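Structures incoming, each one as structure tokens.
Below, chain A partners chain B and then partners chain C, in two separate complexes.
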Partner chain A sequence: MDLDWCLEKLTKNPPEVLPEQVVKGITEQLKEALIYESNVAMVESPVSVVGDLHGQYYDLVELFRVGGECPETNYLFLGNYVDRGFYSVETISLLVCLKLHYPRRITLLRGNHESKGVTQVYGFYSECLRKYGNANVWKYFTDMFNYLQLAALIDEKIFCVHGGLSPSISSINQIRVLDRFQEIPPEGALTDLVWSDPDAVEQETKPSPRGAGHIFGSQLVDKFLQDNKINHIIRSNQLCMDGHQVLFSGKLITIWSAPNFCYRCGNVASILEVFKANNSLTLKYNTYTAAPENERIIPSLETTKEIPDYFK
Partner chain B sequence: MKNQSNKESVRGTGNSAALCKLSSVQKGYYADPFIQYFVQKKEKVEPIMNRGFYMRVHAMDRLISQFLNANSESSEGVQIIQLGGGKDTTFWRLRLSGENEVVNKLVWYEIDFPRTIQEKLRIISRVPKLQEPIVGWPNKVLKKTSKGAELHSPDYHLICGDLRKTEDLHNSLQEHGVNFEIPTLFISECVLVYVEPNSADKLLGYITETFKLPFFVLYEPTNPLDNFGKQMMKNLSKMGCPLLAIEQYNSIESQIKRFQKLGFNYVDVKNMKLLWDTLGKWEAENVDGQKERKRIIRLEWFDELEEWNMIMSHYFVLYAAKNDQISQEKFIKIFGL
Partner chain C sequence: MSDQKKDDEIYPIAVLVEELKNEDVQLRLNSLRQISTIAQAVGQERTRSELIPFLNDATDDEDEVLLVLADELGNLVEFVGGGEYAHTILPPLTTLASVEETVVREKTVEAIKKISKEMGEDQIQEFLYPVLKQLATGKWFTSRSSACGLFSICYQNVDEETKTELRQLFSDLCKDPTPMVRRSAAKGLAVLVPYVGRENLRKELIPLFVKLAEDDQDRVRLLAVDNCVALSKILTEDEFITYVIPTLKSCAKDRSWRVRYMVAERFCQLSEPIEPEVTKNDLVEVFIGLLKDNEEEVRTCATLRIAELCGQIRVYQDVIKDAILPVIEELSKDFSDNVKIALAASVTELAPIIGKEMTVEKLVPLYLDLLKEDISDVKLNIISKLDTVTQVITIEVLASTLLPVVVELFEDRQWRVRNAVIEYIPKLAIQLGVQFFDEKLTDLTMSWLKDSVFKIRQTAARNLVKLTKVFGSDWCMEHLLPHIFKLLEEPNYKIKQTGMYSLTVLAPELGNEIVTEKILPKIKNLKSDKVANVKLYLAKTLKSLLPYLEENTIQQEVKPCLNELAKDEDPDVKHFATSALNKIS
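Coming up: the complex of A and B.
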């Protein structure tokens, strides 16, 4: 597999999608590598943590410009690479190739959109059909999603996950023994990790209005931090107008990396740099706006309906 | 930089609305056996649009229902005049529901671009189910005019018109038997916002000056000043359907003042987000107030929570009336949400 060739195609402007057989090859290769990896990735600082991308390829390019190119900068992605935006195929293809090429420099966690069911509702399936004429590439990628790791620990002190905590999980070791090699089920611990949201006010853990996962409050957060001897939780899943949001006196951070989300929300994006300074772990936000319009191709020919949509 | 308003793009918003309504119906949000006839090509619609259009239809339906209830005693009947209704199906849904006896005394007028009226007539002519409630279809009701074919049955009128030309509008309505004395509800469901504000205001003033008991229901976007609003203005402008009226009337408060200034002495509004948050609370006291909301939440995954709050905060529904005989409290009670 000539990854340099793949990366060259994917980093052109506009990017070129990889041939179907190549996608089959890279996803097989990544599955083979991931099958031996634990559900919880052990990551060392310095590392930059990235939230939802949702197929916004040009903004990923902007992210690398702002945060530093891979592999010179280490990255931990929290999932949700596909759906909603127009370049899910290019986005996930690029990240898979970078992961294969620089396995120790980039970690890819699973988000709630790395799912066969969700991608049929929110756009990735349709985009694959449009760009390849059939659903094979969608199948290769979504089969591979079942292998993505569920969480990460930075320097054994910062817990990172896409969604949040679960009422059925009190220790990180419990996450380690879950069977992650499956489609995200409708409920349970695996579902909670990728679908849940924190709530500043709620104390009780309740079902989430998203239709999967739970809402959890400071009680569960405090207990989880204490029982697992960690200091922070970094997660994504929720749109933040300022690119990030801090809850519970800094114990929980939400990071969001899709600027002007869906080309309609007018938000900025952030990545979070975690590094050691004076022997202690330091967190620094790097906030950026969407890539300039003259540097992105607006897909008017590729889609049949008007995007973004309003109740017009 | 504002793009020009493109008539075809503005007209196209009607097709876009019909598509989203059909998707919402097929997903189980609400019932409408007629909308399927008005959508040529079905396309995938995201949950946020399904739910958003359900809320839009819900608000409009409730306000229409309240208008009919409030005027059920009107011996000469009532009228509804839909401005720019596009592919709307409320005329048929009202007759199907049989909820309100006053529907038997209701005359329904629709005024829209000639091309939209022609399209609607073509669809009606192909679908027997749509023809059923139209008394005298087709020979006694289809009429050729200089603007195009129109439909004029005893209780359903499709009129080719331009909302910016109030004199022509008046002549058309008068010619086709509008009664200026009886309770008349005007509906603008995402329509007036696309019209240049001075023209829209002229139309509103005409309504209060000419009709004795006018009611008005308006559903529109608002709040163009925050980041989401600015992006919305930019995007819609690029699509050729800029929100021409929104800069002059950029808040709910300014819209209330507008309607009051133009002759409606009762005006109230509901932000759509608030309407969602309180959904079900209007139900009868012996029914679980949150039942409807729970039903909606169970229909499908809804991962767009933050966007939902944002987009719904940028839409509102306004209801107004000109009436010397009822108190403000009674107006809110009988007509409000």
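Coming up: the complex of A and C.
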């Protein structure tokens, strides 16, 4: 598998999608690598934490311009690589290739959109159909999503997850023993980890209005931090107009990395740089706006391949 | 000829016939793209007698298919026997010239023009002219519209009597009841103008041009502007003033913004061939009207052309000063962002045209206002061309007026603005001189190396190279290197990498001795850094510095260091170290 060749194609302007057989190959390879990894990735600082990308490829390119390139820079992605944007295929392909090429430099967690069910509704499925003429690539990627790790610990002090906490999880070890190799179920601990949201006011943990996961407040956060001897929780899952939002006096941070979300929300994006200075962990936000108009190409939505049979 | 041979020759056509009956559009398209091959296979005579007639019957199909058919027909001249027989391809093309889909008709006209180029005068008179006449007097507006595109190629190659008839036909088309036809005629007029001769131009074509310019369809009227451009190249000055300028003036005040926009778009093309005096007398006021237009698009379009127009009338400095500059000042307060962005793009180029004094008096305040705008494209447009201005004004003026504002932009929120400022600094350095630079700018230049945006750090590092080229390597050693070495001790791994990158890009400027004695020892310290990314970057840096090191230094100092890195437990450190070691061997 010539990853340099793949990366060259994917970093062209405009990017070129990889052939179907190559996608099959890289997703197989990543599954084989991830099968041995724990549900909780142990990450060492320095590392830059990245929130939702949602197929906004040109903004991922902008992110690398601002945050630095891989492998010179370490990255931890919190999930939601696909759906909504126009370039989910190119975005996830690029990240998979980077992960295979530099496994120690980049970590990919699972978000609530890394799911067969959700991607059929929010755009990844139809994008694959449009760009490849069939659903095979969608299947390769979504099969691979079942292998992505659920959470990360930076220097054993900062807990990172896509959504948030779960009423059924009080210790990180409980996360380690879950069976993650499945489609995200409608409820349960795995679901909570990728679907939950914090609430600044709410004290009790309640089911989330999203229909999956829970809402949790400072009570659960304090207990989780104390019981697990950690200092911060970093998560994504919710749009922030300023690119990030800090709750509970700095204990919980939401980071969002899709600027001008859906090409119309007008928000900025942030990444969170975690590094050691004077022997203590420092957190620094790096905020950026969407790549300018003249550096992105809006794809034409013409169908260039055969429309699938069930539409005829 | 034996039956077998006969079958061999018509067989490809039979296959084509079958394929063109296929339901699948893709297959039909692929077959049609093979026509040249088939024509070559069956030979010239059968192409003329069988293939072309068959294609004439294949003109009832989807637009996609007809488009390809028209295109391929245009390529068949050599396969029918050259220019002498080119006219045999006309029948199917004539049919295609009448179809509903505009794109197909346009391709057909192109194809007809293509094959007509191979035809001699006789053939054009005998074969093309009747086709044109047939189309021009056709029942459907589609064929009449296509006819308009064929006049110029026909006209050049026929006798006087036919020319008169052609002009009559053209005149009828210009007055056609269907707007689409009048549009095509208006387009065709510009192309015909060079060929009809001055007498006919004045007596016949110009009245037609004026009439089309007053058409009640705005899409016909806007084509009058292109016709003005064509006429400006042929007419004498007096003729231009008499016949064209009145029409141009009414287009510039047309009730439809599209027509006014077209005038703005083509303005400088119009004014270029004529004498500056005429431009000054008659066209400047038209241009100013466009700069003040109600419609944002028109103002933007005109604003982009300010510098070009002023360049054309630069002998008339007082006109520029009294008539145009006041309008520019108003435009800087326009409520539309696009107008201001356009103004920023064109106003820097005005400086060399109006000279130092006027620039300082009138333009510098304008630049200062624009640099304070919140719109990053405005700032970018000014900064990226600021060196055009600095070549015109003195360094004292620059230092006291523009520089403080530019310095503020060093910290603009938008990294691309900061980037443009960094790119501008070396150009400034030459004019400012070492002392001024050291006093005011060196610290700022170094602070960019710690910018939070990666691209800025890269640009800042490369900027050091440009400065070193201006001020010399001694200056670099004294003023820059100490700062860069400090970067290698910063806690943040990205800054350490920036330090290493700066040293890599400066190496060619500083020379082998400095690289060996000063730089190498400092960076080697990083080999025991705790962060793998620093170590892998060190390996990359050592590899880049190899061309600037002596052989024994490499063997004694670099190789051991790389060997150590190659044993690191991190696979990426190992990889880059090994790659560097491979380059040594």
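Throughout what follows, the second predicted complex is superposed on the first by the 299 of 312 C-alpha atoms of A that agree within 3 Å, B and C clash if a C-alpha of one lies under 4 Å from a C-alpha of the other, contacts with A are read in each partner's own complex, and residues count from 1 in each chain.
One rule holds for everything that comes next: a contact is a pair of C-beta atoms (placed from the backbone, for glycine too) under 8 Å apart; a residue touches a chain by one contact, two chains touch by 3 or more.
What you see is a predicted model, and the numbers here were worked out from it, not measured in a lab.
J.: For chain A, which side has the bigger count of touched residues, chain B or chain C?
T.: Of chain B and chain C, the partner in contact with more residues of chain A is B.
J.: Applying the touch criterion given at the start, work out whether A:G164 contacts chain B, chain C, both or neither, answering first, second, both or neither.
T.: In the superposed model, A:G164 contacts neither chain B nor chain C.
J.: After the superposition on A, what does A:A277 contact: first (chain B), second (chain C), both or neither?
T.: After superposition on chain A, A:A277 lies in contact with chain C alone.
J.: Quick one: classify A:N112 as touching chain B (first), chain C (second), both or neither.
T.: A:N112 contacts chain B only, not chain C.
J.: If you stack the two complexes on chain A, which partner ends up touching A:F261: first (chain B), second (chain C), both, or neither?
T.: first
J.: Looking at A:Y122 after the superposition, I want to know if it touches chain B, chain C, both of them or none. Which is it: first, second, both, neither?
T.: first
J.: Which residues form the common part of the chain A surface touched by chain B and by chain C?
T.: none
J.: Which positions of chain C touch chain A when the two form their complex?
T.: 414-416, 452-455, 491-494, 497, 531-533, 536-537, 570-572
J.: Would you mind writing out the residues of chain A in touch with chain C in their complex?
T.: 46, 64-69, 71-74, 102-105, 275-278, 284, 286, 288-289, 292
J.: Which part of chain A faces chain B closely enough to touch in the complex?
T.: 112-113, 117-118, 121-123, 126, 209-212, 238-239, 241, 260-267, 304-306, 308-312
J.: Spell out the residues on chain B that touch chain A in their complex, using ranges where they run on.
T.: Within the complex, chain B contacts chain A at residues 13, 16-17, 19-20, 43-44, 46-47, 49, 52-53, 56, 190, 221, 226-232, 235-236, 239, 241, 297-298, 300-303, 305-307, 310-311, 315.
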